[in-house]
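Next come the structures, one after another.
You will see two complexes here that share chain A, one where it goes with chain B and one where it goes with chain C.
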Partner chain A sequence: MSVIAYDVIVIGAGTAGLTAGARLASEGLQVALVTAGEPTACLSTGCIDVCAAGVNPLDGIADLPESHPYHRIAPAAIRDALLNFQRQCAGLHLPYTGAPDQNRLVLSAIGTFKTSCLVPVTMRSSPQNEEEKIHIVTFAGLKDFYPGYILSRLRNAAFSTYDAGVSTTMGIAANFEDDTFLEAFILWLEKLNLRENKIAFPAVLGLESAAAIVDTLEQRLERPVFEIPTIPPSMPGRRLFNVLKDHFRRQGGVIYWNWPVVGVEKAGRQIEAVRLESQGRPMSLNARAFILATGSFVGGGLSARRETIIEKVFDLPVFVPGTREDWFEQDYFSRNHGIGRAGIAADAAFRPDGCPWDNIFACGAILAHVEALKNGCGHGFAIATGEAAARSCLEYLR
Partner chain B sequence: MKFEHCIRCTICVENCPVFRVNPAFPGPKQAGPDAERFRSDREKSVDDWVLLCSQCKRCEMACPCGVEPAQIILRAQQRYGREHPHTAAHLLFANNYYLSTLGSLTAPVANRFAATKIGKRIFRRMGIATYIPFPRFSFRTLRGEKKSISRGNRKVAFFYGCFINFYRPDIGRKIIRLLQSFKIDVVLPPQWCCGLPALGNGNLELARSFARKNVASLSNYIDAGYEVVYTCTSCGLCLLHDYQGIMDIPEAKKIAENSYDLHEYLLRLIAGKEIRPKFQEVHRTLAYHIPCHLRALKIGYPAAELMQRIPDLECRILDDACCGLNGSYGFKKINETTAVQLGSRAVSLISKTGAEAIVADCGSCRMQLGGLSGMASYDPAEILCEALGIRDKKQMK
Partner chain C sequence: MIKTDVIIIGGGATGCGIARDLALRGIPHCLIEKGDFAAGATGACHGLLHSGGRYAVSDPVAAKECYDENRILRRIGEKCVERTGGLFVRLPGDSKMFRERFLRGCDDIGIPTEILSSTRALELVPNLNPALEEAIVVPDCSIDPFRLCLLNMKTSQIRGGMSFTRHRVMEIVRSHGRCIGVKAADVYTGEIKEIHANLIVNASGAWTDRVARLAGCEVPLTLSKGSLVITNHRLTDMVINRLRPASDGDIIVPNEAVCLAGTTSLLVEDPDRIGIESAEVDTIIGEAGRMIPHFNSTRIIRAFSGVRPLLKSQKLDSREISRGFQIIDHQNGMYSIVGGKLTTFRLMAEKMVDTIMTAFNLKRDCETAERPLDGQEELSGYPLNKRLADMKNIVCECELVTRGDVERIIDQTGTRHVGDISHRTRLGMGPCQGGFCTFRALGIMHDMDILTAEQSVQSLREFLERRFRGIRYALWGDQLREEQLVEYIYLGILALGKHS
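What follows is the complex of A and B.
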């Protein structure tokens, strides 16, 4: 039987892949996205880190080493990509606050501050210094959030505990979607007569309606409230994923779940199809171009062997930072591990260097020299390169 | 079954509908890969909560590491079923095929009885939930249809499934007409329940006996040049994956290699330029609820792609919520609260879209969402028929 064909197949459902896919679909192309599973974006804080250096992340980018792939994109294009992302999210009931040229801080679950740029509206009022008077409300039995960590660092913080009837992030978030639960919770909060200026919650304030729930809480309690991102399961990460996915769909994109690519079909300088291993008949999908957005090690795009590193879909040449001794620092928590530079080196059109095929474009964390941890450039980098790779792909197809 | 590949990232937990609302279920990570390392062949299985898994397979779709939590739990469920007595509800639903055969033969009486107070009380006494009406048996099943040949290039053996056969044969007849309108021959091969209800109720042997009969029958048709087309996504998943997997049926690979979802089949024919459907405008705003088992088929959302081609049709895709019914799962009283909570969430997401009606490939999803929302619900094939001007002539009313 005939194989189903698309204009473009995106491999990977993370921030980069969904951004690239949505851009291509919005230009009228038939786009399918295949993914092995859900992306690491679901495990993230949902914050859009662009570049942690500098007050203005765009200035910070200018100071990054020449090899950093950010330099393949014009600063104006990076700003546009971020503004575009903000517009999309606002239209889908998950507004992001902040501006692309302004970094800000977000209070973490261990009481430290993380530098980010665009943050979900539910973290809008996250404190910018250790002196702020905040009251943390946590939930009985919730094992993934300990206010004690924050109290040990913020001396003007206090906390209370609410019994939500359930003790898991997912369960509490599901309860918050129920108006009766929310009302009872607000009544309880009002009776506490809190004196602090701001009220903080672990990020469990609903899934679909988080922005509206935060609004309601602020109105009723007459002061700013904010969420503190937790360890996974992470509601802010999932909300971000849902919004990106929804936007991609609305542009006409199609998603194939649980579709790890195990083989490719090629002819000359073209990849023609990707293949899924399946118990029954072989499943393959054809396309004129492919976007590789499979992420780095945790995302599953790269895999380290004893002495080398491989790219798992097309077996593309990988930039390996020295020998194995150079991959890791002694300090486990260092942000400077050499392996952070591993990945696919790409040219100005986001075509992989040394790639034997003309119709592959790479974006997101799989790119070489990103050093996302050290440079604090996670989702922001994914959004910017996703848009850029999509533009190159579009030019190629036209 | 690669439970050692689990990195405990909790993405499966985030996707588990049951875990969201039922604290008694420890979630796919704990019930699957975590508990698996403590399950020993020499000890009797004690974890009755494995039965709370609805087998929606959302955990497997989400896992980035190729672990199959639902599959691990399914095997634990079968073992629990072997080692413990079955409840009345489990026995009845496992044998749903025979029960429905009886129900259809006595449809006027059976339907009336099921709707009475006494009928409902008896159901509840047996552990069967009655929060949505039981589907109505159709006296005239699809099985009795005469063969009709349209002398086309392609030959289809239609695996219609129990829901269409016993409850909505009108949809089955529309699908036959839809295929025939493209000059495709359609036959209705001898067929039985796919076996999934038996599997889902811990009765692997009964499931196997259904599977063997189906494989023998369909295999003959495949040898004669037919392609198998199924329309129920859960039947499809069972034919493609469970026959080769947990049921371990010889020759199952042949069935998997030659079976297609109805909409996937049409899309492939369109891709090969064998058919060129001319869809007329359909002025509707629909919410397309993606059945969990359609996701699990790994074929994308082919009906969505077809409906995208219908002029004026507004179709919003919703795939984040499980309807909660999961075949017979929600009909068991022990799961009733879970099923109602999940169903209500799915309905609230649907109503936010402002759609006038629901579309879903799966009969049990339609039953649940239609029952809880009071909205009309359609099979995507019905929408395609509407766009192509195809009606079921035999439809009564």
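What follows is the complex of A and C.
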């Protein structure tokens, strides 16, 4: 079995893990990131939700319950983490619009408005109210996007349908990376003689080149153009993941792709190594510290049994919100289900409470008391806690 | 106003069976159902076509009826009955005396049995608890209750019978003390249809007393709730029963790609307000897990419950109340038919229609036991090659339902209820429980101008609430994980709220 040593092993390739990993690598540490597969970030809208409460999300954070892990980070540090993220993305051809102290709305694929903070430039012109006159262009056979849902709310909206030759989100996005396809599409659009103020598309406008494609469309159509995030598979989520991954690698980080952790090696108050396995092949990675960023239930960091909840890598103590009866309220739409509080409770240094080892730091959705849906804490929370856990880890290693 | 000879209230197995029998005897009729076909107890049961073994000790008369009907349905309903065979398994500690009574009971009634050693039983059903003492084979089968209702209604439709689903009976029209018709409201538009007839049959199951009260009568019932769980695997190809007196969680039935296990038995007051408790789910899984240990680790995709309408009795455990049925002549032009079981629905219909023929002073024998169910030739099962031919347009990945399938059902039925599409195509029946495909199906319904944009969104919201009620009690492991993803999509990505 091959044994390789790093300074830090990050477990989980979501926004939190990649952010923490990039920070540690940028400080000159040898960092490896291990992941069982694609992160849930790929399913997301790609928007950076910080805190949905308030006009200024940083004010909203101040009002969150004392148990919320956001309170373990200084407001200025949260702000810096978000600004830093914006700088990284701008340098990697996927600029994010907005400012950390200002929430904004994003039109959803069902016509509601979702509160977010930093949004990909392709959603920069998303309307901020129901009155705006928009024209939606959709694609024949695209099974995850129905303009009718949006028309139920935006009375001034209309739509047209383009036949892209393929009908999947990924297939259409791949077509958009081809200049000939794009040019034919623009010619078709120009012939529509659209009168609405803005043109909307489901978020399928390419993968790597999305920002440039939106630019081209805006210039040629002489009006703002924006994407509407779709249900998974989501291109904006995948673009975000790609940018974070690129940034991590540029800082010198290494990724072990499709290598789930199957065991850990410990000595005294230290975790010494994680054992990985891929297609029957074992490997062991030694490190001085470990960042746990495996996400919540969807991400696979937590797993619920009938009576309890377990953390899957280190079997750390999990904060379980009551008995199974308490995990879900009767009202589906309450956004207040107890299960949203489940996770790893951590101290000010993002060390798990009750953890028998000193060299584990946790960040992102696996943390307890986040209530991501209720509070609208998404990637913004992952970025802020990723940076904070990385800082604590740095201090520990020095 | 519509005129007919007989009005049937209720579109469960009994009502649909009566419609078929009336059609075959040439009697014009009209069936009214407040939901979809099989919406009540019919659709909320195991889907077990009893061999009669279950009642061989406790109720030999019902057992005999079951066995006779079992043989008839196997013959006339090939496309909705799966001849799985059943096992009664005896586990360590189960009474040997009960086994003797069981075998003697089956023998007296004529139910064929075969005793298997544990080794032989494990060869037939490898997932059985290897500690079992022995198993007894009986001719239990699995039956698709929804398809059964549709096939019965097919005969009615071919022969000019009328039916209105999603119509609620608001009033029984009376003249000189006699019931002469009903007023039924379209649940979508509120539009009232007045239908007159010579006789009214109240076959509304758990709602029988409520309907009877509209005509100034009463039908005292004991309502017994039974809960079941569905696994996402077919853990057995045979029906599995526990060889002991009827108790919680002692039946497992394979159906298509899944298994159903249940039930419990709790008395309830209101058939519209039945919930499930976590304890019931745990009991069923625990008991089913004694027979098939995989039940403890397999993914439970949903729990649901139905209400058995039983004849009123003083007995405290509703399992001891007779599962026989009764026809009540209210002496005012209305009959109520209550009790019985899914397995004996055809017999119940036959007796009901015999009564109607006598009342009409007409003579024509029942043919429902001899003629195969109409419409079966169109059901070719689920040939995979046919479904995969339109792979590009798959709307429901779990059950391989295409956009074409959805459009066809909408064209055929004109339905505005996404549940009707699910019943007819299995859309949304798989592990995600409609989490992805219902969004699509409702989008398609709007594309086809069946629903307005507002109605699509409202239907989606109602669907999510309904879905959640079904899965709330089975949320742990992978099903909880999937549920969190679905919640993230609708409440997070789509920012859907109760009122927004």
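Operating definition for what follows: the second predicted complex is superposed on the first by the 390 of 398 C-alpha atoms of A that agree within 3 Å, B and C clash if a C-alpha of one lies under 4 Å from a C-alpha of the other, contacts with A are read in each partner's own complex, and residues count from 1 in each chain.
Heads up, the rule we're going with is that contacts are C-beta pairs under 8 Å (C-beta built on N, C-alpha and C of every residue); 3 or more make two chains touch, one makes a residue touch a chain.
Remember, predicted model here, so these are calculated numbers, not experimental data.
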item: Room on chain A for both chain B and chain C (clash or fit); value: fit
item: Touched partner set for A:32, first chain B, second chain C, both or neither; value: first
item: Partner chain in contact with A:242 - chain B first, chain C second, else both or neither; value: first
item: First, second, both or neither for A:232, with chain B first and chain C second; value: both
item: Chain B versus chain C as contact partner of A:278, first or second or both or neither; value: first
item: Which of chain B and chain C A:255 touches, first, second, both or neither; value: first
item: Touching partner for A:333 - first (chain B), second (chain C), both, neither; value: second
item: C-alpha centroid angle, chain C to chain B via chain A, nearest 10°; value: 90
item: Chain B versus chain C as contact partner of A:386, first or second or both or neither; value: neither
item: Partner chain(s) touched by A:174 [first = chain B, second = chain C, both, neither]; value: first
item: Partner chain in contact with A:5 - chain B first, chain C second, else both or neither; value: first
item: Shortest CA-CA distance between chain B and chain C [superposed frame, angstrom]; value: 6
item: Shared chain A surface residues [contacts with chain B and with chain C]; value: 43, 167, 232, 300
item: Touching residues (chain side chain B, partner chain A) in the complex; value: 9-11, 13-16, 19-21, 23, 27, 60-66, 227, 240-241, 244-245, 253, 255-260, 265, 267-269, 271-274, 295-296, 298-301, 304-305, 308, 317, 320, 345, 349
item: Chain C partner contacts - residues on chain A that touch it in the complex; value: 43-45, 108-115, 141, 143-144, 146, 148-153, 167, 229, 231-232, 234, 296-298, 300, 303-306, 324-325, 327-328, 330-333, 335, 337, 339, 372-373, 378
item: Chain B contact footprint on chain A (complex, rising order); value: 1-5, 32, 36-40, 42-43, 166-168, 170-171, 174, 177, 208, 232-233, 238, 242, 249, 252, 254-260, 276, 278-281, 283, 299-300
item: Footprint of chain A on chain C - complex, ascending; value: 278, 282, 392-395, 403, 436, 439-440, 442-444, 446-447, 452-454, 456-457, 460-461, 464-465, 468, 472, 475-477, 480-481, 484-485, 487-489, 491-498, 500
